[in-house]
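Taking it in order: structure first as structure tokens, then the write-up.
Which chain is which? They are A, B, C, D and E, in the order written, and residues in each are numbered from 1.
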Amino acid sequence: MAHYEIERTHPSFIKGSHKGRKWDKIVPAFLFVCTMISVLTTVGIVLTLVLESLPFFADVSVLQFLTTLRWSPPAGDFGILPLVSGTLLVTVLAMLVALPIGMMSAIYLSEYAPDRVRRIVKPVLEILAGIPTIVYGFFALTFVTPLLREMIPDMGLFNALGAGVVMGIMIIPLVSSLSEDAMSAVPRHLREAAFALGATRFEVAWKVVVPAALSGIISSFVLALSRAVGETMIVAIAAGATPKLTFSPLESIQTMTGYIVQVSGGDISYGSVDYKSIFAVGITLFGMTLLLNLLAQFIARRFKEDY
Amino acid sequence: MVNQDPVLVKRAKTRRMKNRFYQSLFFAATCVGVVVLVVLIVDILRKGIGVLNWDFLTSFNSYRPENAGLRGAIVGSIWIIAMTAPLTFVIGVCSAIYLEEYAKKNRWTRLIQLNISNLAGVPSIVYGLLGLALFARGFGLGRSILAAALTLTLLVLPIIIVASREALASVPDSLRHASYALGATRWQTIYRVVLPRAFPGIMTGTILALSRAIGETAPLLVVGAMAYVAFSPRDVFDIFTTIPIQIYNWTSLPQEEFKQLASAGIIVLLVLLLTLNAFAILMRNKYQKRS
Amino acid sequence: MDQRNTMVRVRHLNLYYGNTQALSDIVLDVPERSVTALIGPSGCGKSTFLRTLNRMNDLIDGVTIEGEVRIGGVDIYKDDVDVDMLRKSVGMVFQAPNPFPKSIFGNIAYGPRIHGIRQKRELEHIVEKSLRDVGLWEEVKDRLDDSATGLSGGQQQRLCIARSLAVNPDVLLMDEPTSALDPISTAKIEELVQQLKEQYTIIIVTHNMQQAARISDRTAFFLNGELIEYNDTATLFSNPDNPRTEDYISGRFG
Amino acid sequence: ACSQSSGTEDGGASEENSEPSEESSGAAGEEGEELTGTVVINGSSTVYPVGMIAAEQFMAEHPGVNVTVGDAGSGAGFEMYAAGEIDFSEASRPIKPEEKEAIKEAGMTPVEYTLGYDGITVVVNAENDFVDHLTVEELKKIWSADSDVQTWADVRDGWPEEEIVLYGPGTESGTYDFFIEAIIGEEEGAALRSDYTANADDNILVQGVAGDPYSLGFFGYAYYAENQDQLKAVPIDNGDGPVEPSIETISDESYTPLSRPLFIYPNSEKMKENPALKPFVQFYLENAKQFVEEAGYAPLDDAHYEELLQKFEEAHVDV
Amino acid sequence: MDQRNTMVRVRHLNLYYGNTQALSDIVLDVPERSVTALIGPSGCGKSTFLRTLNRMNDLIDGVTIEGEVRIGGVDIYKDDVDVDMLRKSVGMVFQAPNPFPKSIFGNIAYGPRIHGIRQKRELEHIVEKSLRDVGLWEEVKDRLDDSATGLSGGQQQRLCIARSLAVNPDVLLMDEPTSALDPISTAKIEELVQQLKEQYTIIIVTHNMQQAARISDRTAFFLNGELIEYNDTATLFSNPDNPRTEDYISGRFG
């Protein structure tokens, strides 16, 4: 094969001073620092919670904390389970509302609604997520619960049901918007393939789009779940402040967040075990959300589908 | 049609009905959210609109309900948002850029991602505890606007990071390649090609984050928001109150009149929220048109 | 050719996207069990026309259609036509292979399942037959449960064809089915089309005139939404009636 | 540079005031001289309205001063006190030994001033027509941790066989502690029964009792006073016959044992740095009776307030 | 041809994606101001090879490169090479047109701007010249401020070529630049390539052998990551040395 003389020996791309260069050194460093803030936040949270709860666990053993069935600080009973059950109860109720409704709204918006309708309805639903939670708290107490009590007369004024339902409504847009995003991201050609086989819109949505978007949908579920577990003001206002190991939605309960906010605004002495207990509850809560997220990550990866 | 198999035709009819049934069901589900929103807003308007007037917006809080207004809280909320917005935006977008454009896709990056999505689920009150320990006490910022704004920044940061990452990831690689192929550096590519294109999505994330920040109550209670502040804060080290805090406080007083004020406060908060959302949607539409 | 029945019969078809007309007064008859190629420059309306034949255009907002389209004698734009059943009878293969993110088996079985076939045995039979028809059976029979997205581009496209065949259509529409494929995969699909026309009526869009010449019995040349010329492929390429057809096939115009 | 304990240095009004702050503080109380600075109050949410009234009226006289009031809770108030974050703490219970210790360790001495009383009011639904009064014993029977009272009939013979629905503040509330002390007893670890419906917000308790015909609850007097149409206060018999709660009966201490004192703990050490603080405390104490009444609580007799002022002057001759 | 200088000189180039080898011992010289076509079946490494020439593979994690690539005499994988400036000298055009979501002007001016040209006059001059070079000037001169994404596919691809030219490269790499385009746009771009080789060294990947034959001076045939044959286009197509080349160009294998 032919060989040729080489003409230029000093092309311009030998390293010299180039304008973009300096930014390409500084920028990543700065960006990295910004990213580290999130990591440090976690470190900060864990440190705060651990350090502040150490005195608590000096008084109350971890075993006692995890296994006692009663939460009654004045009596010296610090069993987290009633608070956990309260949290779970409200969360389950909220999910029962938010997941089906959110999911169905997402399917409607992504598969059925005309573009014009989607462009209006989606942000309107998103408003639900932006309404301050104390507003929901009072909505639950003064609107939803009375309504529910007409149907279920022997339900208490404070109950897990009203709080859970309203929390579920608040969370709807988290599910509907994020799932809708995931469904919209399913390429059009997959839908067309199904239509071309004679599928109805429902069959396309349910058997093609939803499975293809499943990992996104599950992520939205978990985000919703985490939000429900961590929600504070709604339960503080509407669910009562009665730590109770119960799974009856008609009763008044207390959640972990509800406990923390009430104690931190209460009158008890900051030196007391009662006060320190909020950090122990905080750690439990943090651990729970962490577990949920790990689970989500795992599930999302299992269901990840490439299209 | 060619093969009018009667069994199939009958089945087709059921399938069509099934489709129609589900369409109605899904539509109804969508309406639930919208209807609740309307009910919520009507309920609040009914309770609060009567006391909502100019005086309410321009007077400070008072023990006399007829004199009480929201001024200190409005100014406080604006201060907090004015601090939180740029901080979250810069830190959040920068983190997203780092994770999406610079970080190697290795175990550490995945760990950071997991950490961020985990932070998104950490209860806001826990951020309050952190803010108190770290900013108010640790950094000696006291119970100030700055301490509160920093707390809220950490609180809403995951929201904006996640949204911005999505936006950045949705920018097609072909655009990046085009830019690199012209000899652009990584930063030039990001700054001039990727970011403009991702901007609408980033805006959405920002607004969602700020909406959350505006309405937060629990962490600010812990960080030290005041219930009665009868002056407008002058700098970020000042004591503060915010609209949701004021609402919360009014609802806990015995007098019925304060509850009306609380409803009026909620209206103001919602108006602020909707303005912010509208702004976001406008920005989003403006930039979406171009690309 | 003339002894065969007409499978697709189009009369005075006009189609508008909003206010812009994309198809003007198309008249054309397609005999059954033949391959018809649609050629023409980009944007001339080939895909649009193809999509009127299985009413895929219904999915696009703002499309208006006038005229008559009969398939197997039935006016498919009549109110009493069940669109889903129409699409079952008129299969479609797209430019880019678009397998569902499901298993190979799940892809082929999707159509039969939605049309009511539940028995595993029957499904397995259909899957095997369809894959054999496209010559993919030997290549994939040991990994029917693997994801279809793991196949190569050419295999994916054949899978998509098999998926269309699995619902037992009469007509098969193909919109540039090989334009994203390498020459070898293209050759395989061209061969397949030749086999399939024994059973199916095939209408294929292509921007590759050699391909049209190689595989089709009749060719339709579209330009600016009009059907300029429609004839036996051999005639159209060797001896076109219309000077614009000649200009186009000789690569002379834009 | 936090503003909590600021004098004129970082008070924004200082621009209007050409005179140095030390002088103006010396002239505190005199008309015409503008006082500047910020006073930060925090603590009990029960006492909060009193503080707010004091703040607002003080600021009307001294527009250069900013008084802000928080309602973070008595415990939080003392904690901020010890941390040196506030000028003034309010409490609906006396300071606890460990809190006092913490404050002393930080180099401060909390001085306690009793402002007046809040009568913890035991209430039933307005439709309840059988409860005429309750004795302390009966209350104890109803509320004690090992209570077996399920229906009204369990409380007193002849009352209906209807389930008694209980409402009360949560364990974190000062009212809870006080109620235990007054009704159950002072022993360590005493608690109320845990199967009642608790809430931190008295307004919400009001709604609970108002919505349940067979309910019983207890909370601060002001919340009863504002909702007399929906609630009925239960007279309490502490051995001397039933006494109905009212401002008078609470004030004259005939309503026992459920009157609880409200306190303020001005931070004396801060007075040295904060020129606005002393005049404010003085103003607060001088008008305490009026403020307490206005907030819906029961004032003490005039002699008590004179004592308060005297105590204050003795404590702060040096400032 | 032999009197021309070598612009690109590749010696014993091996490339690995992780552990799988995608290029094996490639040796090849490209003379300046010529068109070299790279052909071969899908997945044979054409794009991969092209991307080694402007180090676009650096953007992919886990790529290892051995051997020597010299452009204009400089070993571009040496440490002292400024990759950004290399890419300025070695332009690239992609399979799918990828204009930035900016104005037409903004697209062309992007490169000059990032390389430090700020003056409006100079930019205007560059934009006009680049657009003239690709024959797009007359078509778009009245709407330079319109979004480039509003152009037709063929126009977009020519815009992308103009954008590459605007930074004044020595070498132009094109990866199947016409495979997404209709025949008319394709013809325009082929014509353009013929003009551009007066000034630039062009290396073009195509899976269309007719195209390779029409436009290139030399052709390289790749198979399974190996360079099977590299020769004058006329020779390679009429009289290939290697039987596998012959099999491929005659469409005989897969």
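Operating definition for what follows: a residue touches a chain if its C-beta (ideal position, glycine included) is under 8 Å from a C-beta of that chain, and two chains touch if they have at least 3 such contacts.
None of these values were measured; they are calculated from a predicted model.
Identification of common neighbours of subunit A and subunit E yields B, C.
Common neighbours of subunit B and subunit D (chains touching each): A. Summarising the inter-chain layout, the chain whose CA centre lies farthest from the centre of subunit C is D. When the CA atoms of subunit C are superposed on subunit E, the rotation angle comes to 180 degrees (nearest 5). Counting C-beta pairs in contact across A-B and across B-E gives the higher total for A-B. If you average the CA atoms of subunit C and of subunit D, the two centres end up 82 Å from each other. Between subunit A and subunit D, the centres computed from C-alpha atoms are 38 Å apart.
Centre-to-centre separation between subunit B and subunit C, using Cα means, comes to 48 Å. Measuring from the averaged C-alpha position of subunit C to that of subunit E gives a distance of 34 Å. Subunit A has residues 18, 20, 200, 203, 236, 264-265 in contact with two or more other chains.
Within subunit B, contacts with two or more other chains are made by residues 15-16, 184-185, 188, 221, 251. Contacts with at least two other chains are made by residues 84-86, 88-89, 114-115 of subunit C.
Listing the residues of subunit E that touch subunit B in their complex gives 54, 56, 59, 61, 84-89, 91-92, 94, 96, 98-102, 110-111, 114-115, 147, 149, 160, 163-164, 167.
Touching subunit B in their complex are the following residues of subunit D: 1-4, 10, 12, 38, 40, 42, 45, 48-49, 51-53, 55-56, 59, 66-72, 80, 83, 85, 201-203, 220, 222-223, 225-227, 294-296.
Against subunit E, in their complex, subunit C makes its touches with residues 41-43, 152-153, 179, 181-185, 187-188, 207, 209, 251, 253-254.
Against subunit D, the residues of subunit B that register as touching in their complex are 61-63, 137, 140-144, 221, 224-231, 234, 237-239, 241, 249, 251-256, 259. Across the complex, subunit B meets subunit E through its residues 104-105, 172, 174-185, 188, 192-193, 196-197, 290-291.
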